[in-house]
Every structure is written in C-alpha cells, then in structure tokens.
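See below for the structure under consideration.
All chains are identified by letter, namely A, B and C, in their written order; residue positions are counted from 1 within each chain.
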C-alpha cells in the first residue's frame, strides 16, 4: 500500500523542470548511495558527482548547473534542497492519528478540545485549556490550566506546558520539552534567596519547532516570546523574558539568559551562549561554543572558539595566556628600547 | 475575585516606610512600563528614573535614596528588590491544590502520604515512600520506592525521584527534573566497560529549587548532597557524590563532575563547568562559560571566557594561539639580543 | 535478609588471590572511610594508604603492589577497580521486578511483549512494538510503534523511544532519555524554514547505557547508530546521523552535531562538542569543554580549554586576545629591525 508519485505529478505540484522519463514512479527519498530504483535522490553540492554517477536512484533532484550531469530522469530546481524537503514531506506525511480522547487521558473541567484533535493515552489537559483543530497531544503530555494551543500542533510524548501559556498554529514540540516553567529569579534577603514569583507567560507564534528536552521559561512579570517560524534544536535553555525573533534557528545545547532579545533570521551554533539583558540584531550568525557577552548591533558572523590541538601542544601554548598582559608589556618595552617608528606606526594603525 | 491589599497592610506585613496615600489598594505587581493604577511597581536601579516618571503604577517600592523621586504612593525599603519579591509572593500565592490522591494515580504498598498532600493524575508513588504535609506531586511524577519528601514540596509534572532519595521541606522541582539516576561510573575490564552500581542516594536539604530538566545523580557509594537553600536553574547536570553548599545559586546548563564539593553562597554562571574531585571555597563566583579545572581555595570571582569578535577578526587573531609558545620564545630571544635590564626587571616582577 | 558472601566465594567467582581469613562474610561494598566490618572496601590508588590504615572494613580489594600494605583479609587483583565493580554488582543486583503488564499500562495492537518482561504503571507500548525477555519498561515510558527492544533492557521512568527505533540487549536508559526525536533539519525557502522529514531511525547495539535527559535524534534519511558498549552520561545531545563507535564513553552535557562519526574506545569529557560531518578516529580522548571543529585522524589526547583565573587577571590578559595578530606583527617588526638570525631560525623551526 505504498503511495507513489510520477515525476510529472511531483513537478506539477512543486514546479521545476523535468528532464528524462517523467512517468517514473517514486515512493521514497534517499541519499545517492542508498537510493533504490523506486526512490528519488538529490544533488545539492557538485562535489557529490561521483556518488551521482554510481547511484541506483530512479530519479534525481538537482540544480540548473548540474542539469546535464546525469542521464537519469531528473527535476531541475533553483533550490534543490528545499525541493527535496518538499518531496520528502509529500512522501512522508505525519502518520494519521485518530481524533478523540483516549480513555486513560484526564481532561480538566472546562477544557475546550476540538473534535478533530487527538489526545493520547495518559495525557492530562488542565482546566480551561484550549486545544485547536487537528492538534495531537502525545502520551503523557501535561497541558496546564488555561493553556491555549492552536491548530495542527504536534506534541510528542511527555511535553509539559505550564498554566496560561499561549501557542500558535503548527507547533511541533518533541518529547521532554518544558514550556513555561518558572524563570530563575530570586532576591537575596539576609543571606537567604527569596523566590520571585514568575507571573509572566510563554507566548509562541506560528510554525515553531522545539527539539527534545528544550526548556522555555515563563516570564517574571512580562512574557517570554518565541516569534513565528523559530526553530529550536534539542536541549536548549531559553530563560525568562527572552524574545526570539521570527525565523531564527538555534542549534542544540544553547543557553540564552534572561531578558535578552534576539533578532529575526539569526542562526546560533551548538552550545553557544548569550548573556542576559542583551540585544542581538537581525541576521546575526553566532558560531558554536561562542559566548556573547555584549549586545550585537550589526548583522554578521561572530565567533569565540578556542582552537583545539593535541593536549601537549595545547598545554604548552595555553600556559602563556595567564601571562599575556606581561608579554604585551615586554613587547612594548622592546619597541621603546628600539624606538622604531615603523613599529610605532603599526601600533597606531590597529 | 481579585485579592488586593492596602499599602498600609503591605507595610504592616513586610516593614518599610509608607509615603503618600497608604490606603491605595494593590492587586498585582508589574514593571514600571506595564503597571496599571491597581498595581505596584519597583525601582531597584536609579537608572530607571525615566520609567518611574512615566509609570501609571498605583504605587512604587524604592530605596531610601530614591524616596523623593516620585510623588506616587510608595514604600521605602532598604532592600527594594527583596521587598518586591515578598509583595509578589503575597499577591501571587501558589494556586490552591486539592488534597488527596487522584484516582488515576498509582500508590505503592506501604506509601505514607500525608492527608493534606495532593497526588495528581497519573503520578506514581513507590512502595514505602513518604510524602509530607501539603506537598503537591504533579501529574506523571514518579517517586521511587522508599523516597522521603518533606512538607510543602511542589513537584511539577513529570519529575522523577529514584528510589531511596531523601528530600527536605519546601522543595520546588520543575518538570523534567531527574533526581537520583545512576552516576556515570564504569571500570574498564578487558576492553569492556563494567558498570559500577550506584548505591548512594541523593540527599536534599530544605528550601531548595531545581529547574526544568536538571539532573542530580545518586552517589556511587556515599550520597550526593544538596544543602539548604540551594537554587539550581534549568538543564544543570550534577554528577554523583557532588556536594553543593547551602545558599549557592547555579545558572542554567552548568555541569558539575563527580565528587566535587562546592562551598556555601557561591554563584555559578550559565554553562560553566567544574571538573571532578575539586573543592570550591565559600563565596566563590564563577563566570558563565568558565571551566574550573583546579580547586579554588579563596573566595572571589573567577573567569575563563574567550572574548567574541567578528568571525574574520576572531580567525585572524586566534590562529596565533596555536603558536603562542613560539611567540613567547621569539620575544625572549629579542630580549636576550638586546640584553635590556628594564625588560628583565619587568619579567621578574610578574 | 541481607545476602552475604565469604571472601572465598567471591574469589571463586571472580578470581584473585585471597590473603588472610577467607571465611570473612561480606554484605556490602563501601569506601575505606565509611566501610563497616561486614563490608569490603578497595584500594585503587596507593595515595590512599592513610585511609587504608584507618579503615574498619572487614576486607579489602587491592593490587599486587599493595598486597602487603594491610593485615586485613584481602583479595589481590590485577585490576582492583574492575574487581570492585564486579563485587558491587554481586552485592547490589538490580531490584527484582514482577513480570507482567500493570493494569494502568496501555498496550498497542500487535505489540509483542515477552512474558518475562515487566511493563510498569502508566507506560505506553505502541502498536507492533517488541519488548524482549526480562526487559523492564518503567513508569510512564512511551515506546513508539514498531520499536524493537532486546532482552534485559532497563528503562527507568519517563523514557521515550520514538517509532521504529531498534535497540539491542541490555540497554540501560535513565529517566528523561529521548531516543528517536526528529533531527534538526530544515531547508530555507523564500525566507521560511521548511522541515525535512526525518525518516531514518536510531539503531542501538548491545550493552549501552544512556544517562538521564540525554537525547539521541533519529536520522534524516539513514540511521543514527550507537554501537555496542557505548556509555553516555546525562544531558548529552546526539544529533541525526551521528555514529558512535563501540565502547566509547561520553561524559555529561556533550553535544555532537549531525553526521559526525566517532571511533571506538574514545573518551569525551564533559560539555565538549564536536561539529558536524567530522570523523574522529578510534582511541581519541577529548578534554572537557573542548570543541572539535575538524576531523581527527590520529589517536591521542586533544584539548581546547581556556584557563581560568581571577576575574581581574582574566580581564587584563584576555583583552589582548582581540589584538593578538597585531602583537605578532609587532614582534615580527622587531625581529626584522634587529635582523637576528637566531630569532629567524627559531621561527623557521616551528
């Protein structure tokens, strides 16, 4: 009962130019190495021409520049990677879920669950919560009181949404995600931490995906905000009152401290960090493992990675970091001793 | 049915000096920008005087130095931030929970659950576990056999406490917290890792808060210990046999390796790390993103952050780190060639 | 009803040479400091001789070199640490679990659950899933459709395994583990991220342990693979299409980006990171907090840690990192000015 599509049908749906036999039927997508004759593959980088030559794929998606690099049936697209994504989504739709509430789910008083939504076994929906049309709440999810979740949401098992949070349409939240836990706020009073109640919410726009075990804390007073189209990988920590601009993508294990605002279309590498109360402009790229400690006002690419080396080399070089200021002074002393104008001018330039 | 308090009532409860109309009624707390006339705001930093001038708040909490900077009804406190925390807690008490065990919860034989405690839907309480008065065990929590949890604990949904762990009063544990999983202990034997059973416990004092998805491993032989008043943010990893001293606060994503002891009143920044078998003194502050690789015997502030810059600048500068030892030798050779006594003395000083 | 063993019985089981009274009965294992007369301790490092002298242990495990350093009954082993692990496993077996399916568990159609397996309260087993002999699926676990789990698996409460993943024998997965969530794959198309369906699986070999809240994403097209004997600590993120070679051990909070292959018998320190599409050879050790940004072809030890210091020293030294390239040029200018052949030769060597 595998679904398949003719190349011509795919092109009719997503555009692109078909070369070769447009009647070839495709039922799955695969890498060039793994693809079988009923599968379509893709070439997004010309360096994979060797694999293209050896592929058993029934058809290929490629760019205009590569249009003639194979005799296989093919679709030529100006964005082969996005085309591949669309074809894959066509061939791999979300598995169907049965609308309705599993008998083992627990539904709070006054909860409004659309009749096309699916509430899985052992899920708990809080009092007054709203679950939109065609949304799927996975096994063991806990949806707090008065939460609003839009349409077509897909919450995998064991997602927790605390009370009062508001989520748009098309959310994908993977297992272990926690939305709306208390932000980390305390005041010190006579040697003891006093908890500051976190009374803001988390407000999430449309078309957001959140990876497994990522946490997004609720605001202290105002809300934490995730705008439309944001993509968060696994194990990310978003602190209270952060705002993440639309279409920003953040890789795994990143930590973002409280009250920081991140612009639109940013890309943040794995295990990076951003301190609190900062502003990051639109279209900023931050490298993996980089800590941002000041606001970034200008689009561009930023990094702070310590380069790795063999441990004995690292040790030999790194010991000097604790004396770098002294080294600079020693160089300065040498320069003064020599009185070199060329050196001085070099210094002045930088 | 909003609860509200007169300014005079608040001051009667928490102290401080009321200036202006003490009969103003307050029902919520808010930032200076967002506050409405029935809300109280606060000024903890004189740089927000502009916001103070424009606020619509009905009253303000501020310091003695700022007592005359507004005509609004106000409470003058020597610690306005802690005062704000207390007022917020008054206005935002934990939502009431119904004592009793939800019918879908599963209670093990011999579990002792105080009749004022609340066990939510789908929670599982292990054999012989003890749940103290007024404690709330959230949906889907799993409390292992013979666990002891004190009074007024609040476990949000999906917290797991492994068998035998002991927890004091007033714990707050957010969703996804795992207390008492096995520490990471293996011995290598003929090319294979043999698991070392982790037979210690986790022992947690009073008044501890643990953020979402934080993990605290059980001890290998002895216990892992979290002392009174410790505050842990989200996504922290505390390895086996760590001890965290009272009133220490740790920000998100920190990792603490096995058998390390951290003092009292320490503050550890986000994504920092501490290697194993170390001792950290009381009152140590560790910056974000800093790895501590040796014991710290002296209170103070420590850091190890690589400064970020534009990626092209970072690349240009960072390439030299792999040759820093050579650079130091080159400077030394220059110094020797010049035989400069001033340089030598500079070197000797540092 | 404590179980105990004579020293002679232990040696009969695990080898080693008994010195002193072989009839001493041992019921638990403990550190030298904590051990009681019915307990056995161990000496794996000669620097603990002082503790050995003062121990109240009934017996000790130690190396040949230390065989005469105590008069206590003792077992001499060529690998005392592994011996300790084996004795501890003997004395601390997994608690017995009752075979069968708890009435509150939810079992999907066509699931094949071995009759010796144990499915705990509120666990959910998906349609067509297979659970092998003597496996224990903890409370609230969610096992997806068509998942295959081998024999003697032990899944602690709240583990999630997504549909279609395949797991060998003897898996230990701690609470909060998520296996098989979608990898982080998107194509940009006209300013919006399009999701790339993640249709690969996670395939896990035999004898793997996975720590609390660790996540292992499913492959984009092909599978993510964890080979036999791999040990993963807590809070690790393994991205799509990563392959981790047999018997590699990874400490907490590590992030591994997509499509990277890690060799066999590697050891990776806490909070380290490895970028995507890299290859790491067998027997590579990576220090804590180290980012690996290029493939490593050669076994050995690698590091990239910024050394910590008091914050004022760190600030003073670190400010120069942003001008390191200039400093190198200044040194070069001095060298040219002096025309020193010795300096030049030094430079050429490195």
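Convention: contacts are C-beta pairs under 8 Å (C-beta built on N, C-alpha and C of every residue); 3 or more make two chains touch, one makes a residue touch a chain.
Predicted, not measured: the structure shown is a model, and the values here were computed from it.
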(request) Report, in degrees rounded to the nearest 5, the angle of the rotation taking subunit A onto subunit C when the C-alpha atoms are fitted. (result) 120
(request) For the copies subunit B and subunit C, give the interface type as same if over half of its residue numbers appear on both sides, and as different if under half do. (result) different
(message) Taking the mean of the CA coordinates per chain, how far is subunit B from subunit C in Å?
(response) 26
(message) Among all residues of subunit A, which ones touch two or more of the remaining chains?
(response) 104, 122, 140, 158, 176, 213, 235, 253, 271, 305-307, 309, 318-319, 321, 323, 327, 331, 334, 338
(request) Over in the complex, which subunit B residues touch subunit C? Could you list them? (result) 104, 106, 122, 124, 140, 142, 145, 158, 160, 162-163, 176, 178, 181-182, 184-189, 191-197, 199, 213, 215, 217, 221-222, 235, 237, 239, 253, 255, 257, 271, 273, 275, 285-287, 290-293, 300-307, 309, 313, 316-321, 323, 326-327, 329-331, 333-334, 337-338
(message) Which residues of subunit C touch subunit B once you look at their complex with the stated criterion?
(response) 28-31, 34, 79, 81-82, 84-86, 88-89, 91-92, 95, 102, 104, 120-122, 138-140, 156-158, 172, 174-176, 207, 209, 211-213, 229, 231, 233-235, 247, 249, 251-253, 265, 270-271, 288-289, 305-312, 314-315, 318-319, 321-325, 327-328, 331, 334-335, 338, 340, 342-343, 346-347, 350
